[in-house]
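Per-chain numbering from 1; labels A, B, C and D assigned in written order.
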């Protein structure tokens, strides 16, 4: 009887607190960064482990030197891209422009990496260093491309909100901005990894 | 931005519901994707600028093809389920939203779709993982069949090793989510008053990815299987046939799924607690899920990375695991066990949580030593990252660190001991109700005790010399995982199952299931300790003739476990399909919030967000010490 | 749903599971290469084998190196790797070696062990070891201590056989050896030469698959 | 029945049972513990196992008896009434004692294990630079164990680098095994000698064992190494010193031609070709 009665009763479902989702976004990106850190640190570990063990002296077989020019170009575009996204976070009204720059440079970094692979002059089989180089850059580029997508969604969201009041009304500014901050946080982390990668694979070698 | 309030769609005829984004479309697209990927892989080999990367692709086996097939197959599957609709919308600038297929008006079809309702995903998990648990179990039976005779082979040596690998991978890969998938997704939001998980779409994603992974693993039989067992040691894996690609793809997908599942649980618990639900009021099961989630989130990516290296070795000719070409077999052992040991506790911790969660309900007392239990769970989680090299005591790697790893491994028994003392304290002067869930908890304590005690022999480097890699270690981890996790899962199934499904289990059959499982579990695995001590290595297809008696006993006993599981299946089908009795709202007189809701729990869970103002276990009566024992009678 | 249709659903479900299980066991798990017996000759049982760089075109793995059971004149090629031999008997084995030289991973395996007299007949000449670099395959039964290195024709030899079946007109070497079988039981044999083309270090693939470079000796 | 009564009864029961069980295990079960008396290291492991077994039996019995006692003493005869027990949320004294005792046991185990391990290496593989070498290790007889799919061969640097297909060891001698592999990871397990050392390709893994009187021992591969892992077993022999010397001389002569083709003795081997053919 009670069940029948409640079925006819108009349900008034109390909405969840509006701060939950932004907080979840904040915590989620930090947790995911932790996971990604453990993923990427595996390559750092492989780098030092193989370099240190190397029982057969084949850390490098033959001339194994990736082009430093492209390496620097990749690093610079990553750093500038991260900075551009930081600017978008600081000044949300510039998200479309700064975010666009960040997106373009992030994508450029991925393209340059692809060019680097095809012009390496050595293959993955040329010893431990070559393996780490190829493996790490592949994993890294996957992350860069993933971030490209993420930045793109932030830019697109900002762009649509800028020209469509209805879209703006759907979700709070707070949530959108939290999403952008999360994106920037993760992208900064990935770029930091790019810096580590550059130091180990290009600068130290 | 609420998770709720999608208007119920008008019902469509059944056949019409089959069209659209659901698992059927997913399967079709998966097959198409596989074929495209396989074909593409064949083309890559002939591209001149990629010659450095494809030079070693030998005749008759193109691993690039196989991997691309799996990749595009899984992408196709997810696309068919509709997982890319929302990301594409986001690319077009549409705002974030959370809900999909949530309304009960969509009927049964939502169980076969991307559904963001947490209770639906939990049921998907329960059934999906159950199916793979069954497959893994069948493989175990076949292993025991092969071991009936020392040197007469029912199956070939290839197939035997594939069976061993499939059983191990299926159990370790799929069952890792065996508690967090079904029970955390179902219970945690209700316990903390949040109505949903933090990322409902990711919640669904983890489930479907796991299912895709299970199928991928099974396809290994079409590529010659894999001979490495679930640990996939290199460079044995590197030299495997394409069947090993299935193993890599499987565990990578599992790793992604695990990481995201853990992340989701952790974020939900951390940020979406209803008013008044402070950290010190969290039910102990939620704490267990939190600790497990952290481990999953951080450890699983290591596995994904290790597998990526293996995949690169097999496709683009890197040499991470190939000694003599710059690689090292120890690299895999390190990366794998840095994941692998937390993984063991990922499997054990939720069991701790279930047992301690049920203890107050069935002992009718507050949880004894709540803070100690929390410390135990977090301690186990923390320590588990510092013990991995006890798997490698005789490997010759970092031998000077053996005393440290011996110490850290033995220290991890301290927080595990906290769990025991909390359970023991809760039982003391309780009023213990031996309902089926509690029977399973008691059995958990018994089994896990032996698991822990036998672990001492493995953590002690001198005695590990004999026990390492033998049936002793195999018996040890079956005591902790099967005797621990699986018993706890069954406790959870009998405890929360009626609430989740809306029907009662037949209690008589449930008791038969319990007693047969408990007895036959112990008669199966206790002799394995002896076999290990007598010198039988793991994963062997043949063994000395003098060990046949014990092996036959174990096999016979293992078949009895199958029989016991069949009792469970019969009970399930009987109670669900044949003679369905609706479950009560609160069959156990539990004071946990989820049992205060009607059965079945409505889609919106709580009409008003609950407010918590007491600790989670308000059991027991405040009485003077002298009167406390009154009523214990005679 | 009616009661009857529910029960029907359960029955169908159970039936499907049973069928799938039967297929799994029947098609995959119990699949094994066929068995070949030694030929009875006045001098005792005689087993004729051949090795080829690639199995037949219709094989499951046509690019894999493999052993075959053949007739005394290298005809009648059967892809069998379980060899049935009588117990406690001196058995003669002749191997037609069509595959080219690969070289050993562990040169010590180039020593002949466990044969009658400690030697083998390589093209009619008795030898007790071969140059490890000329090894094409090994026929070894480690449980019996039997180890027979099989020298292969050089890669520049005339008229090399690329794929099974091969005939005696192809370049080949003939190795004959005799060993004493033990009591009844199942034993395994294998190859030790890293001959698996396309697999890391030359091991794996055919080297690790029963039916190619591995098999059983069934002593009856 | 008072609560004091429960405590005392349970504690007495636990203590009595634990002592009895410990005595039973130490004196009845432990003497049969593996791996037997085949070598100094094996005997040492038996001692270790006895100590561990004794402690385990004590702890396990206490816990099991406690559980059984609580399970029977506090069972509810009328669960449908859902009567509740006392609202006790913990007892810091009990918790502190538990922590104190378990920590003590754990630290003792770790310390004991470390001392035992460092004494003579306990027969375990300890990498290329062993720290737990028994006394006189510099004069030990070196034996290289070469694992390959799926057979162990043995190389003797002090006998002209000859390689043998079977393992014979002199009695009452300190042996230094150098375990390595040519392909994948294996594990050299000489059961009765109490020796286990993983064979990693390209790496040297040293394990010591002091043989005793002559015996036949089982050698197994203890790490999954592929297809014939299960068949990778054989017998090894500890023989009187004189018999060993004549055997190894005989092998030297017999395999002289093939020994010439072997690469020079090394702690690890990297034959070419390494890459996929």
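In the analysis below, contacts are C-beta pairs under 8 Å (C-beta built on N, C-alpha and C of every residue); 3 or more make two chains touch, one makes a residue touch a chain.
Given the structure is predicted, the values throughout are model-derived calculations rather than measurements.
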| item | value |
| --- | --- |
| Farthest chain relative to subunit C (centres taken as mean CA coordinates) | A |
| Interchain centroid distance [CA atoms averaged], subunit B/subunit C, Å | 41 |
| Distance from subunit D to subunit A - Cα centre to Cα centre, in angstrom | 46 |
| Inter-chain centre distance, subunit C versus subunit D - centres from mean C-alpha coordinates, in Å | 37 |
| Chain centre separation (subunit B, subunit D; CA means) in Å | 30 |
| Multi-partner residues of subunit B (at least 2 other chains) | 56, 58, 157-158, 227, 235, 239, 317, 322-325, 328, 330 |
| Multi-chain contact residues (two or more partners), subunit D | 183-184, 202-203, 226-228, 231, 270, 274-277 |
| Interface hub residues of subunit A, defined as touching at least two other chains | 55-56, 125 |
| Pairs of chains found to touch, sorted by chain label | A-B, A-D, B-C, B-D, C-D |
| Complex contact set, residues of subunit A against subunit D | 55-56, 125 |
| Contact set on subunit D toward subunit B in their complex | 1-3, 6, 33-35, 41, 44-45, 48-49, 52, 55-56, 59-60, 63-64, 66-67, 70-71, 73-77, 79, 82-91, 94-95, 98-99, 102-103, 106, 109-110, 113-114, 116-118, 122-132, 179, 183-185, 187, 189, 191, 194-198, 200-207, 218, 220-231, 233, 270, 274-277 |
| Interface residues, subunit D side, partner subunit A - complex | 202-203, 268, 270, 275 |
| Residue ranges of subunit C touching subunit B (in the complex, touch as defined) | 3, 6-7, 9-10, 21, 24-25, 28-32, 61-64, 185-186, 188, 196-201, 203-205, 208-210, 214 |
| Complex interface listing, subunit B residues touching subunit D | 56, 58, 157-158, 160-161, 227-229, 231, 233-236, 239, 317, 322-325, 328-330, 333, 363-372, 392-400, 402-403, 406-407, 410-411, 413-414, 417-418, 420-421, 424-425, 427-435, 442, 445-446, 449-450, 453, 456-457, 460-466, 468-470, 533-535, 537-544, 589, 619-623, 625-626, 628-629, 631-633 |
